[in-house]
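Heads up, the next two complexes both have chain A, just with different partners, chain B and then chain C.
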Partner chain A sequence: MRDQLKTNNKILAGLIAIFICFHDLAKAEEIVFIVNAENPIKEMRNQDVVDIFLKKKREWADASGIHFIDRKDGSVERHIFLTQYIGRSDRDIELYWIGQKLYSGNAAPMQVLTDQNAEKMVSTFKGGMSYVLSTYVLGKGVKKIMIQGNTSP
Partner chain B sequence: MRLGWGAVLLIMILFFPEAKADRLSLLENKFLELESAQKDLALKQQEVVVLPSDQSGPIHSFFKDELFIGGFFETGYEMIVGPNTPFQAAEVESLLGLNISATFSDQLRLSSQFLTGLNIHIAHEHYDPLTSNIGFSNQRIMSGYVYGALIPQGYLEYRMSDHFLIQGGMGYVPFGYSYQQREPVLFERRGGPQMIRTNPLVNPLWAGVNFQGIYALEITGGNWGYNLYSFSPVEDPQYPGVGGRIWWARKNEDFKFGMSTQVGKLGVVTSEALGADLQMKMKPFMVTSEFVHTFVHSDDDPWSIYIEPSMMIVREIVLLYVFADYADSPLNQAVFGNKSGTTNPYKKWEYGVGVNWLPTSYVRLRLGLTYNDYVGGSMQASGQDRNYVSADVSAGVTF
Partner chain C sequence: MLTNIGSFQQTSSVLKRLNWVIILVVFSFVIELVGLFLSSNLLVENFSSIHMSNRLFDATVTTSESLEGAMTTLNKASTERTHLGDLYRVYQANYAQAHDSIDSALQMSNDSAGINNHLKKLKEKLETFNTSSNHIFSQEEPTPMYFSGNVDLLVAQEYKLELDELLRKTQLLVKEEGANAFETVYRLRYLPLLVTLLITFFCVSFTILTGGAIIRRLRKSVDNLMEATKVVVGGNLSYHAKIIENDELGWFTFAFNQMIEKVAQLYQEARYAVQIRDDFLSIASHELRTPITPLKLQIQSIIRLVKQGRLAQLPPEQILKMLSITDLQISRLTKLTDDLLDVTRITSGKIDLRKERADISKMMSEIITKIRSELYAQKYEITMNLQPGLFVEMDLSRIEQVFTNLLSNAMKYGEGKPIEVTTSRTDPHSIEVRVQDHGQGIALADQERIFGRFERAAPSANFGGLGLGLYIVKQIVEQHLGTVRVESSLGDGSAFIVSLPSEMAVKQ
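For the complex of A and B:
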């Protein structure tokens, strides 16, 4: 009986360890939004993120232009961005930009491969905005902003 | 670089054992500095390639503006047959579109589209055998080549804010969904609904100025927007017309609704067109529906309505659609552009089913079957049955 309890406890401990590991991994896969360090904005709504990405909103409060830097197709960061903040699939977004080619003449935002390049671009453009993994250590040229109203898991 | 400095350090250690630790530390720091500089250089190199044009690639503008170039190609093969229509089959469409956009600043941009194509059109599509009396074909028939090139869209845009921008030039009219969606790759059936093929319903191009804006909806989320534009009526371009549109879309654009209107000269009368459009997406389902009614102040106004439900039967790759599409065109001319007053009125339902295969988002391969059902007084003309069936295989590619 005691041996059985010990075995059960070991299994339980193992399951808890696995849960903690995966929970930490899941936590690691989050993104944060960054803007140029000179940008006075501190937070924005999820709807604003959608509008900026789709180029429906193209200027900051001071009327200066927004330069959104996207991430490469198929990257972890972009997958999180599309599923949790935009709520549309990669294909949906491609079809959207195909339509925009004629509707508005707008082109899809530039894409970069790494967190480092996203940071570099945002620090270069005063109106820059992008997203990086939450585990990425940010430099002085950019700052993190909070997103309100994101109800996705 | 790393190996080079490593070799230098190794040589120093081997041949100069008396080298002091602080000197080694100095060299190590130098090595780290150089490595850091190398990384910065790589990033700057990427900026040089990417930043000036906002896109990497071999095509650049002559000047310092951002240039975007893209387009589409569509080709279609069609077969038609009916009780009084002999079987015919032909490659009926080869159309190439080129879109060029140049952005001069955050506010100023040029956008244009150039179309060129070679078509075999169905002459006398809604045929009335009596028209042979005035020299037209007395049968629905696939006729010879029609080819041409035109610029349906070319405007300069000045954006004062997200809420207000001005476009000057001409472009596809913002009326409903299909009138302004002229990217063939996005149409589930080649050619789109009857309303954009029915003349006269809505003037297809705005010309002059087009004001538009977008507003965010703070409470419910999503956006609403407006258009206000001028146009030159096809029939009487000497009298400018005006049009407007107001639309609303949910945050993810899974629900869009709009209302549009146009007022302009149509022959001797001033006509008013009124339209409504709706698009809903609930994956894997989608429904698009539009309605337009043109008031010409007679007992018989032209109008059209369609509904097109579709479903992705293989996730985002294979789409199955059905449609029901009605058009009442009492002022249809026997030959487009004919001003002799010879009309060939008809009332027609189009029912159909089709499949789209999207191997990528940029390619749409279609197979469609349409039953063209003339109703009311237009079922027969001079004792001949006007109905016919058409099958269509087409491909649309965007780039």
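For the complex of A and C:
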């Protein structure tokens, strides 16, 4: 009986763990944009995010360079970023950067694997900007900014 | 000058114009060479741009390869953390090569501002990359890993990415410039030929037009002269050829006009001389014939009387009258012949003067005495106002001939009115003799002319004579270094004034 109880507890714990896990996954459907803590910007339009990502806009208001840190292809964050903010597929973006490299010389932004790396890079570069899961706890070197005009859920 | 052909320099007209044509041809050739050089130089500059683009592109490729090598070394150093010294030397070698390549490219791209700016940014970013890279090498421990990445390495990669981007942009600009230069070369591949053809066409046209214009002007001058020659040959001696240019041809035209003027003048003079000769022959034959007829009549009459044996029956007065008439006509013939001989002597310069000192008033008195009977016969009253002691060095017979002529004229044209003869000293050096009649006078227009050969103021029909008297007077007076002039007006008579140098003047 006692063993049965231990088994049930394990099952319950597993279920709870699975619940917690799914709960976290559900919450990971949102990303937030981060910039260096010293950056005075508090919010930007969705179109500005698109222009920065596509390197159509390369400087902040104070003329300092923008370092946009992208996330690895196939990551949840990038999927959300492309679908909800950029409005293009992975394939479209890949072709876009091939074309850019050929005709304008612009290269795709650097990609990092984790939120931690993204945060560290943004905190390292004063003009840094990236995105992380909304659940990620941010350090002091970065800050969130609000994106206006994004109608995605 | 006209006859001295040897000294005539025929260069400034025809040859000078031909020189201009040659200069134009040489100038055209020089222009053509300059045009060819400039157009070829344009192509050479573009070829040079292409070459420079290739070298710049090579430099960017070298930089890119060096950066890749440096990045690989960084990856090893960051992840393995072994043999850091060797890795650092390899990194430094790559960095130095990238740095040198950018410096070299900067020197080559001075003419292209866009590429130069990119390379300067590239150099700045390379320094940033190097700083970041040195930070990795300076760490003793591996840098903390954040799940799947070394942040320092990521930072270096970010700088490397920026460098790659700038390199790519630079390469695109270099390629664009090279392509533009190549396109320019291709587009202008026929430019030297075209420029040569155009300049040749222009220069040849210009030379032909200019040379043609010069030849036309030259021909115009020659045609002008030919036309003038034709007109003059046609008999128009008043024609003046237009002087078109101030050159030898212009001078020749001017000389031609002068020659024609001279010919016209000579022609007029010749015609006038022929007219005078004809008139003289007419007058002379009439004058010579006039005394011959009565002379012949008188002689025939005497012959007839002698044959009839009636000569002795005639009273001596009758015979004397007949002989007097004969003598008069012979005198007239002698006078005419002497005049003609004098004119011939004067014209040929064979007249000899035998000068001697004489009182001209005394001589005038003697002359008047000689012709007094004739004066009385023609009922002339003569008034003499003779100043004594007026000595002149003169040929007595010739000066007597002068005043006999003048007095004879005064009686011929004096219409029976008084004649006045005056001698005076007008100044210390000259003595003047004035023979004044009160006849019909001489028109002003004729006053100069009457001193010429065979000239006469009155028509020969009314008055006899050859028209040689005043000519002989003038010539004799001038031989004595004197002058003769007439003061007259129609209806008031005439005064002939002979001025001779006084004895004092002659001595001086």
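Keep in mind that, in the parts below, the second predicted complex is superposed on the first by the 125 of 153 C-alpha atoms of A that agree within 3 Å, B and C clash if a C-alpha of one lies under 4 Å from a C-alpha of the other, contacts with A are read in each partner's own complex, and residues count from 1 in each chain.
Everything that follows uses one rule, which is that a contact is a pair of C-beta atoms (placed from the backbone, for glycine too) under 8 Å apart; a residue touches a chain by one contact, two chains touch by 3 or more.
Worth saying up front: this structure is predicted, and the values here are computed from it rather than measured.
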item	value
Superposition on chain A - do chain B and chain C clash or fit	clash
Partner chain in contact with A:N150 - chain B first, chain C second, else both or neither	neither
Which superposed partner A:Q116 touches (first chain B, second chain C, both, neither)	both
Partner touching more residues of chain A, whether chain B or chain C	B
First, second, both or neither for A:T124, with chain B first and chain C second	both
Which of chain B and chain C A:T83 touches, first, second, both or neither	neither
Touching partner for A:G99 - first (chain B), second (chain C), both, neither	first
Which superposed partner A:S75 touches (first chain B, second chain C, both, neither)	neither
Identified clashing stretch of chain B versus chain C [97-105, 133-141, 295-303 or 331-339]	97-105
Chain A positions touched by chain B in one structure and by chain C in the second	101, 103-105, 107, 110, 112, 116-117, 120-121, 124
Residue ranges of chain B in contact with chain A within the complex	43, 46-47, 50-51, 54-55, 68, 70, 99, 101, 106, 109, 111, 113, 153, 157, 159, 161-162, 172, 180-183, 185-186, 214, 216, 221-223, 251-253, 316, 358, 361-362, 398
In the complex with chain A, residue positions of chain C that touch it	146-149, 151, 154-155, 157-158, 161, 164-166, 168-172
For the chain A and chain C complex, residues of the former touching the latter	67, 69, 101, 103-107, 109-110, 112-114, 116-117, 120-121, 124-125
Complex interface listing, chain A residues touching chain B	47-48, 50-51, 56-59, 63-65, 86-89, 91, 94-96, 98-99, 101-105, 107, 110, 112, 116-117, 120-121, 124
